[in-house]
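Please find the structures below.
Each of the two complexes below includes chain A, the first together with chain B, the second together with chain C.
Our next item is the complex of A and B:
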């Protein structure tokens, strides 16, 4: 009754088996954003571009990214993305493209990627649908370039190197090429929207999109300033769980308890550590790994709840920033940017959290009662599945009518959530799961932006009223001036506009 | 700059690492439905109950499942689920609870679980939040019972057996107990809704929910008929991809091409295989594994597109069925069940697909223009994230006003999607991703149910009108009869009701 051949890696006899992460995502590719040919093209572009952006920022270079899409037949395309980033060390290329859950190490630092899933999924999808390997050409600062062709062994979750040879490149960087079954016609508008949004959140990047050989589109470059590099921080004590504590102890448990705490966590100096240990009635001088299991449980619980630790360090975050965000929204969307606001640095589960947003208006009556929402998480544009995400859910809680938006305007919101931990609902990274702290932060941000919008609407209607009054007054004043001049037998004054203006300026300062 | 201790399993030096599936879901637990203490309680109940249901159905037994929730402190609970299923073979217990992506083998056959993720996630979440192992007591038909306490080694994705000893049970089955940080107060209503829905889709199961020691709730049992066991089928040729073909060839590539096709796939007999190979201009007698790479690519593409194969066998599906579905909806929700309809067996990507639904009404004016929707996938109730799912999206496309629903009624829809492949949006299994075939099937189903609803509304308003006419006529008729009797000097007839009725019956048959 059991189909032996649909099963893999039989760990032992009987009816149970263990499967590899590649096998899991091969079976459930829609969970990673590869559910159909339209999604697949979009996700491939996105994963490759985000990898390139991270690579360029690691190298502290202004990213220049080239996305090329060529159709080979009605449903087979060749998709290539090249960048001027750091390049990938030779020994890591096979695993970085041929093994799921293999990626560049990170500490507590804002990054675009979740972890080693996206690009490998694109490679896997290409392999499954076109039987072709991924082609990777990469060159680091020193040395020659290398070109690899790599398949994935799905059962083992391991790379298979099809070929590897030296290649010339004009400079450092990486070029990745994937053949896949994709629906470009339907994906095109999404890809363009995605790159336009990327140009908003990473305005220092220049991205060129080439469809076939003719259709070239340019995105970004509204800023030439690199975002300042974000710092790696230690974990915050309120973000600790038993697993992290176990690892820290394995690494440095031989230290004294107080040294262990100061060394392992951020926001724990000598004074704080002493206060904390007094509170827990533990001896600062005992070896950390001599604690009993019960003590460890208490330690982990108390670290999470003790309110004597300062908020998590937010220097590991890299927001877009007021100037760049406003400029980019205006440049890419051609709307009237009203204002920028941010909430934070806040905290959620020991991670720093910062939510920034821009509100803009455009002419044209809106069909909707709530503003249109453009979402980012750690600068990654989120285009799909908005309605289940925490941002849209929060947006609906705001009483927008209160802010007396002008009826003739459409309102747009651009919101970027930054944190060292973004709780994506699914591996495809389309929306953020609900969390009290993110919701509270977003709510405050929306209200702040709403108030600014309301003020500007009032100002704008006031200034319209004033302009009308001034126009009427100017007309009357001209007649009065002429009449008075005639009465007084004087020449009519050449212009009365200056007089009227000074009159209204006084009025403004009331 | 890099935090060495937040990293795991460094595969090689440098800045890249490989992480285990446990590590991935430890970092991204919200993707599997364990994002916060409320979700975690709900997901734990759900994963354990679904495992139990599958185990009982495998044993062809009416499931008796006991769910017990006890609070130990304000936020720590003990959650246990016991069943009368097959029990778990001794050698598989550690991996089944201590290794992500380890699960019971399946061929192409409808199952509730995705694959070896859910229960292990519950164990992992319990371990992280309470530092406690899972306790598993299990007994198979023959032999003694065994009780295990198991932790997960997150870095290695391996079970750690804390203890193992013989234990007595009254009979075969499994009892799983997990200590976790959970918010029962907020999860309670969701758990109750989930079990009520489970009682609709699996009405042959009896489930008891115990909060503390007093509060007992009973669900299900509206049917005492076991669903007939679903069959394991071979893969359908239209569901083939290069990976599957590779595995099939590794297993039986030494056969002749025609034998290989007949043996490997369903719906491929001698005649179909010959026709197919003629179409491809391939010799039926060559060894299957002697095909060139190009031929294999062509073979895989052509298998997917050739229209000479019959539809996939649907005997591997196990729908709820008309009688059980209607009875259970009526028993659990106390609504007036109008009708049942189904679409299929249909096909999607080589998998059989069947969508069944029940439409019901209840008194009380509805606030919504569209019916309320209760969703199931392979009999698993889906409670969260409805709005991004394919069923809700499709429901919104139906013009419900066309079916002239009575204004005084609320309408409910219960829909169950059955397939050997359900494309869940996320690992938490809350909603189904969009797919043309599922959408088309659901749309036809909704329209069919809508028409039935419309007819019944017409009938009901006709029968109301008739009833009113009959009442008035009966009254008048009585007076006429009395009057005529007096006129004719006869005794008034004792009852005229029968006469009026026969009159209206004639009217009905017009």
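Our next item is the complex of A and C:
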């Protein structure tokens, strides 16, 4: 396959080179997180685990995910991830693993993975570095399952089915195995960190990591409640671009313009559609695909600007939620979780946006003046390039000193940004790009959490002061009782326990 | 002086009151004379500092009071033990003893302050509770005293018994004057002058009981002088260095200090400061030193002090200010070692 790849380069000698998406992504693999053998192992684990989590969420099952890494030689590894999700319908398997940009759903719904790019990228990387196909075993119900071995035709961006046979799993779910050139030794700590953070954002999942058939590590499971299922919603008109419009027209362009709008978008009913078309001076009854290029361009621009659409539906979002988030942070990090806060649903460019966060403290003086930041986007942990992201930039804008953080505490912030569209800085999904709405939302969230932190610092110093006062009173009253008894020639000092207690019972009620 | 039995009984009553309050589920509250500066007034009639009518409370339910309340109870019990055992303790000993009882003082000034609280609470001077300051001054002269302290009851002592003078401790302070040939009390600031006056037999020449003050006079010393003055009818003369500090030593003997305003029977309003006055410095052409800033500031403070409202005192202050010079008692030695005895004192005591 490597030969085929080099051949492609030789063949493409014209002034304009047309390359397939597969080729494009292979050439720019560091952008997608496959720049070197360490990154590649980590990214492969990530993509497979996120797919599995999404699959289990679709199936409304508590995920049990098994990640196995075996080294075949010094730089070749076998990486397998199995889950107990829905399984994949037989007809979709080849395209899901053998074609870049597969999946043409118009539906908007919060998912971990974005366009299935990640998994195919991992398959592609494995194929090009070890000349091996991806092995996918999947089973949808209690019956039989199927095992595929699939290559990607890099030039044509098409799956090549190497083999396909019946197989049995113990139940529904999917196993994906990829052979790749990878550096496990250096990737190991990253993977562990990633799974630990995943256990925070998806605490209902139980993940087992196996190295070389021994060395089992367990993550997650601090919650046994499934996150509430998110709804699949239509796109919001303000989130429309020319490309989406083109695809929608190809699908249902034969309808009348007004029907097309009502069918394709959320927040567009008959009345809104009519108002909108009147505003655009277009006839509601003409066929949607009869619009000229110019009209289309005007349509997509106006859809984005028209202020008569309600805010996007946020039921397609699936935040971690207050209880699960707090429990998970405390279970995984053993810190004192103070409070949860959220901002939203907000809107950014036609997409609903919700930012939730948890602030926690731990004993031990911090070196830093700002809290340590743990980021998530749609529950996916973001571990790298923090300083470039909008969250870190916003965090630095907050004057943390104003919240009077105790000097002896380390403060941690866990933030999850949920949206049907996350503007990642690069395809590697490590940090979120700046956008006014995300920045404003994050700023409000951080300040809210900061205020809670300040309050709790006051409270904790109050309760500390109370405890100290009580000790002081107990001690002092022992002395008072003992020596006043001596003065009064009494053999035994009077009991002071009740007296001291009575002083603090009053305080307890406030 | 209050006798030990009644002092003990005052302390016992204090303990009983506290125990009863606790047993009845009440937080004991103590009320004591306020000895903050705001409540210290100068009594023109007796020419001494006394406390006004204001009282302060030590409420054991108040977190700011409870610690000092416990310290106060301990000091009371410590004093009671001293009285019962016929023992005395220095303020410093008391401070160090506290640790053994699990009572905590930040420093000795805190325990000294609590002793002061106990004095204000009980109306008993610490000396009556067996508690004395560390510093000792001395006395020498033709007086016979009879001890009252345990083990020495009835024994008498002639205050000329030691050529170094007798230290004024608890025993001497509680002793009673039996007889005296002396006609005056002459208190001097420095130990050097005290020795000179003994060696040169100045005490015989002036018929004086000599008292070495050693700076500001301890209460025991002031009390002893007070007794000599009241019980033996001896006039008191005070001879100090010629500077604001020396002058103030004399003034405290006469009309008391803020720190002891709650204790009676210390002041001697008729005592006389013989010098070294600003005039003496010129009249006796004494060698001088320039006053430093602290000296000048002290003069400013004293000029506003109620004890110095008298015309003569204001004049002394004014003269020191103009002179900007000070002289020690020993300065008389420039005219010969016995000059002070042969020339200065006869002139001043005449």
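Here is the rule we go by: the second predicted complex is superposed on the first by the 394 of 510 C-alpha atoms of A that agree within 3 Å, B and C clash if a C-alpha of one lies under 4 Å from a C-alpha of the other, contacts with A are read in each partner's own complex, and residues count from 1 in each chain.
By our rule, contacts are C-beta pairs under 8 Å (C-beta built on N, C-alpha and C of every residue); 3 or more make two chains touch, one makes a residue touch a chain.
What you see is a predicted model, and the numbers here were worked out from it, not measured in a lab.
K.L.:
For the overlaid complexes, name the partner, chain B or chain C, with more touching residues on chain A.
P.N.:
Between chain B and chain C, the winner on chain A residue contacts is B.
K.L.:
Please work out whether A:171 is in contact with chain B alone, chain C alone, both, or neither, and reply first, second, both or neither.
P.N.:
neither
K.L.:
With both complexes overlaid on chain A, does A:476 touch chain B (first), chain C (second), both or neither?
P.N.:
second
K.L.:
Answer with first, second, both or neither: which of chain B and chain C does A:244 touch in the superposed model?
P.N.:
first
K.L.:
By the touch definition at the top of the document, which applies to A:364: first (chain B), second (chain C), both, or neither?
P.N.:
So A:364 meets neither chain B nor chain C here.
K.L.:
For A:487, select first, second, both or neither according to whether it touches chain B, chain C, the two together, or no partner.
P.N.:
A:487: touches chain C, not chain B.
K.L.:
So which bits of chain A does chain B touch that chain C touches too?
P.N.:
none
K.L.:
Mind pulling up the chain B residues that touch chain A in the complex?
P.N.:
1-8, 11-12, 14-21, 23-24, 26-28, 30-31, 35-36, 89, 91-92, 95-96, 99, 101-108, 114-117, 127-129, 131, 154-155, 231-235, 241-244, 247-248, 251-252, 264, 293, 296-297, 300, 385, 387-388, 423-428, 433-435
K.L.:
So in the complex, the part of chain A that touches chain C is made up of which residues?
P.N.:
These residues of chain A touch chain C: 469, 472-473, 475-477, 479-481, 483-490, 493-496, 498-499, 502-503.
K.L.:
List the residues on chain C that touch chain A in their complex, please.
P.N.:
11-12, 14-16, 18-19, 22-23, 25, 27-28, 60-61, 63, 66-67, 69-71, 73-74, 76-77, 80, 101-103
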